[in-house]
Amino acid sequence: MTAPKRTTDGAGPAALRLAGVSRRFGGVTAVSQVTLDVAPGARHGIIGPNGAGKTTLFNVISGELGASEGRIDLFGKDITKLSPRHRVEMGLGRTYQITRTFGTLTVRENLTLAVNGLKKAKFSMLRSWKSYQAQADDVQELAERFDLKDRLNNLASDLSHGELRQLEVALAIALKPSLLLLDEPGAGLSPGERVGMRALLKGLPQDLTLVMIEHDMELVRDVVESIHVLHFGKVVAAGKTASIQSDERVREIYLGSGG
Amino acid sequence: MQNFIQQSLNGITYAGLLFLLGSGFTLIFGLMRIVNLTHGATYLLGGYFGYITMQATHNFALALIAGMASMAVFGVLLERGLLRSLRGRPIPELLLTMGVAFIMGDLALAAFGGNPVSVHMPGILDQSSQLGRITYPNSRFLILGVAVLVALMLYLLLGRTRAGAMIRAGVDNREMVSALGIDINRLFTAVFILGTVLAGLAGVLGASLLTLYPGADSEILTFALVVVIVGGLGSLKGAVVGSLVVGLLDNYGKAYFPDLAYFSLFAPMVLILLWRPQGLFGKAGN
Amino acid sequence: MGSLVRLVSRHGRAAQIGGLVVVVLICLAIPQLGSSFYVSLGLSVLIYGLLAMSLDLLAGYTGLVSLGHASFLGVGAYGVAFGLSHGLDVYPAIGLALGAVAVTAAVFGLVAVRVKEITFVILTLALGQLVWGLAFRWVAVSGGDNGLPVAGRPSLGPIDLTDNGAFYYFVLAIVMACAAILWAIVHSPFGLSLQGIKDNEARMRTLGYNVVLHKYLAFTISAVFGGVAGILFAFFNLYVSPTMIDFNHNGTVVQMAVVGGLGTLWGPVLGAIVIVLMQQFVSIYIGRWVTLLGIIFVVTVLFARTGLWGGLRSAVRRLAVHYGAEPPVGPASVATLETLATEGGQ
C-alpha cells in the first residue's frame, strides 16, 4: 500500500487515510478491509468492475454510511464517527455518480446554496439572498469556470446531462474542499463532453486532493497518478497508473466480469 | 385492584378494535405508501351500514356482513376510481383521501343525524360473564376474539400464502414486486379492500362497544394513527403492540386522569418517537 | 390586450408592485363600504390568509405538509382567552399566548422534524388531534365543549379597537407586517435553504447544512405566525371553542394553501379568500359545506396541481409567449403537489 509521494514538502499527515475499513449490509460485505493513503495534493483513482463496492466506499468516507469497522483519518484527524456535515466542514467534498443537483431550483440557486453551505449567512432570514455580493461573485466565478454562466437562470432540471455533471462538480467545488471525492464524473457523457470534463478536472487547483472513481480508463490515465483496484469490496491491486494498467490480474478482473 | 383489572380488560378489548383498524391502515401504507385518511370514515360508514341492517333484519351476522361488504365496494371505488391516477405520489394521495373523508363524514351526518346510535348484540352476546369477582360483558369478549382471529388470519396470510409472500416482498422492496412480474394492480386493490373490509368490520363492532356519532370518524382515525405511529408504519407486529399500548393507555388515562385523557396517550407517543423516530417496529427507511 | 401583456411581462417587478398596491388599496377600502358584514368577512380572510401563509413556509417551501397547523391558531387563541379570563390584562395575555405557542411549537417540532415527510404528515395530524382533545376534555383550562369567551380587545393609546372598523385596520397592519416578514424569510438565504431541503435533503446535508436544525427553525417560525393569527382570531371572534381546531379545520387550512398554490406565499392567501368566500356564500345555497369542501379538495388534487396561483402564473406566461413577449423571469420554482415528497418511502 504505497501511496505515491507527490508533495515535496514532506511528512505532513495524509489527506485521507483508511485503515482496515469495512462496511457490511446484513450478511453481505460490500467493502472489506480497505486500507489506503492519499497524500495531500495527490490525484488518486479507484477502479473496479460494477458492484465492487466503490460507491459504498465513498459513502463510508463521506459519512453517509457508517463504517462497520476500521478507521478513517482526514488530514490527520479521526473522522470515523463524525456526521457527514462535520466532515464537510473539515474540507471533505464529494460528487455523485447519479447526479444529485436541485432540479426544482435554478442553477444560480443551486450554486448559491453550495456557496452558503459553510457560511453563517445560511441562517440569515431577513435579507434577500441575492443581496450578498461576495456570494454572488463566487457564484458568477463558479459559473464561468464550469461553463454554466448562460444557464444561471435555468432550472437545473432543464440542463443537459453534460451540464448537470458540470454543475455537480461545481456544487462540490463551491465549498472549497481540500479533498474531493469524484464519483464517476464521466458517467454518461458523450465523447465531446468527456473532453470538456477532462479539461475541467485537470484545471482544478493543484493543492486540491482528488480521489476519483471512474470507468473510463482514458479519463483515469489523464487525471490520476495512482490507482487502487477494488474487486468484491477488497483491494486487489494498488500502484502507479501505468503499472496497474499492465497488471495481468486487473485485466482478468475486468475481462472476467465483462465490465 | 378490581378496578384496575376492569380497566385493563377494557383496554385490551379496545386494543382489539384498534388492531382491526390499525392493521389495515398499516398494510395499505406498507405496500402502497398510501396514508388512507378515509379509514376513520370507513369505520363510521361501515358501522352505520351494519346499524341499518340490524334495524331491518335483527340479524347480527348479517349486520357484520353488510358492514364489511359495503366497505369492500367502497374500497374498490376509491382505489380504482380515484387513487389509481395518483399512484406513487404520497402527499396528493393523502390529501385526496382527506377530501373523501370529509365528504363521507358529512354525508353520514346528513343521513344519520347527530344522535349517537348503537348496535345491540343479540342473545348471549348481550349478557355478561363472571370471571372470578369480575363481571364482564360477552360482547367485549367477542370483539377481542374477532381481533385475535383476524390477527391470526393475517399472520397466516402473510406468512403462509403466495399472496402473502408477494405482499411481504412489496412491503420490503416495491421495485422487486414489479420486477417479479406480479400483477401489482390486482395486489394493490386486494390489500386496499382488505383494509376497508377490516375497518367496516371494526365499525359494526364499534357500534356496539362505543356507539356511532358524527366525529367518531376522526376520533377513531386519530387512535389508529397513534397505533401505527407507535408500532411503526408498515409493520403488522407493530400494529399489535401499538394497539395494546394505545388501548391500555387510553383506558388508564380516562379512568385515572379524565381531564388529561388525550395527554396520557400522546405523551408516551412523543417519548417513544424521540427514542425511535420510526416507531417500535418500523424500519428506519420510513 | 397584447400590449398590456407585453408591458406587464417586460416590467415584471413593476407589475408586481402595482398589483400589491391595488391589493392594499382594496384592503384599505373594505371598511369604507359601510357594511359590517364585509368588515367581518375581510377580517376572516386576513386572519386565515396569515394562517395559510404561515403554513406555506413549512408545506410549500420546506416540503413538510402539516395537518396540525390549526393547533397553533388554537393555542394562540386559547392563550388569550385563558389569560383574559384569569385576570390578565390584554397585553400580558397576548404575551402568555405567544409564549404558549412558542413552547408548543418547540416541543412538537422536536419530534416532528425527526421523522420523514409522510410520517410528518401523520404525526402532525395526531398532534393536532391532541390539542383538539385537550381543548375538548381539559374543561378546567379550556372550558371544554362550551369554549371560552374573550373579554376585551387591545387598545392602542386613544384608539378604541372595540369597533370592528378600527380593529380591521389593526389586524390589516399586523397581517401585512407578518406577510412582509414571511416574504423576506422565503427570499433570504435561510428561505433558499428550505427550498433546497424540500428538493433534496440528503444533498443539503453534504453541502454542510444542518438539515434538522433548519427544519426545526422553519417549523417554529411557521407555528409562531400561526399563533399570531390565533391571537387575532381570539380578539376578532371574542370566543374560542374546540371546533375551530378540529380535524376539518386542520384540513381546511391545508386546503387553502393547496387550492391557492403551495410555495408561492400569495397563493395561500388567494386560497383563503376563495374558501372563506365560498363558505359564506355557497353554503347559503348548498347546505352541506363540508361535502363541498371535500369535493373541492378532491378536484384540486386531481386536476389543479399547481393551485390557483400557479395556474395564474402559467396563464400569464402563456399569454406573454402568445403575444411574442419574453416570459417574465420570476422565481422559477412553483411547488406543485408533484414535487412534494414524491419519494415518501425513501
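Going in written order, the chains are labelled A, B and C, and every chain counts its residues from 1.
The definition used in the following text is that a contact is a pair of C-beta atoms (placed from the backbone, for glycine too) under 8 Å apart; a residue touches a chain by one contact, two chains touch by 3 or more.
Protein names from UniProt, one per chain: A = ABC transporter ATP-binding protein; B, C = Branched-chain amino acid ABC transporter permease.
Computed from a predicted structure; not experimentally measured.
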Field: Most distant chain from chain B by Cα centroid
entry: A
Task: Grab the C-alpha centre of each chain and report whichever is closest to the global C-alpha centre.
output: C
Field: Most contacted chain pair (by C-beta pair count)
entry: B-C
Message: Measuring centre to centre with CA averages, how many angstrom lie between chain A and chain B?
response: 49
Rounded Å distance between chain B and chain C, as computed from the means of their C-alpha atoms: 32
Query: So, what's the distance in Å between the C-alpha centres of chain C and chain A?
result: 42
- line: Contacts from chain B onto chain C in the complex sit at residues 33, 35, 37, 82, 85-86, 88-92, 94-96, 98-107, 109-110, 174, 215, 218-219, 221-222, 225-226, 228-229, 233, 258-263, 265-266, 269-270, 273-274, 277-278, 285-286
Complex interface listing, chain C residues touching chain B: 65, 67, 107, 110-111, 114-119, 121-123, 125-127, 129-130, 133-134, 137-140, 246-248, 251, 254, 258, 288-291, 293-298, 301-302, 305, 337-338, 340-342, 344-346
Query: Considering the complex alone, what residue numbers of chain A touch chain C?
result: 62, 64, 84-85, 88-89, 94, 100-106, 109, 112-114, 116-118, 121-130, 132, 153-155, 171, 175
Statement: Counting only contacts in the complex, chain C reaches chain A at residues 181, 184-185, 187-193, 195-196, 198-200, 202-210, 217, 329, 332-333, 335, 339
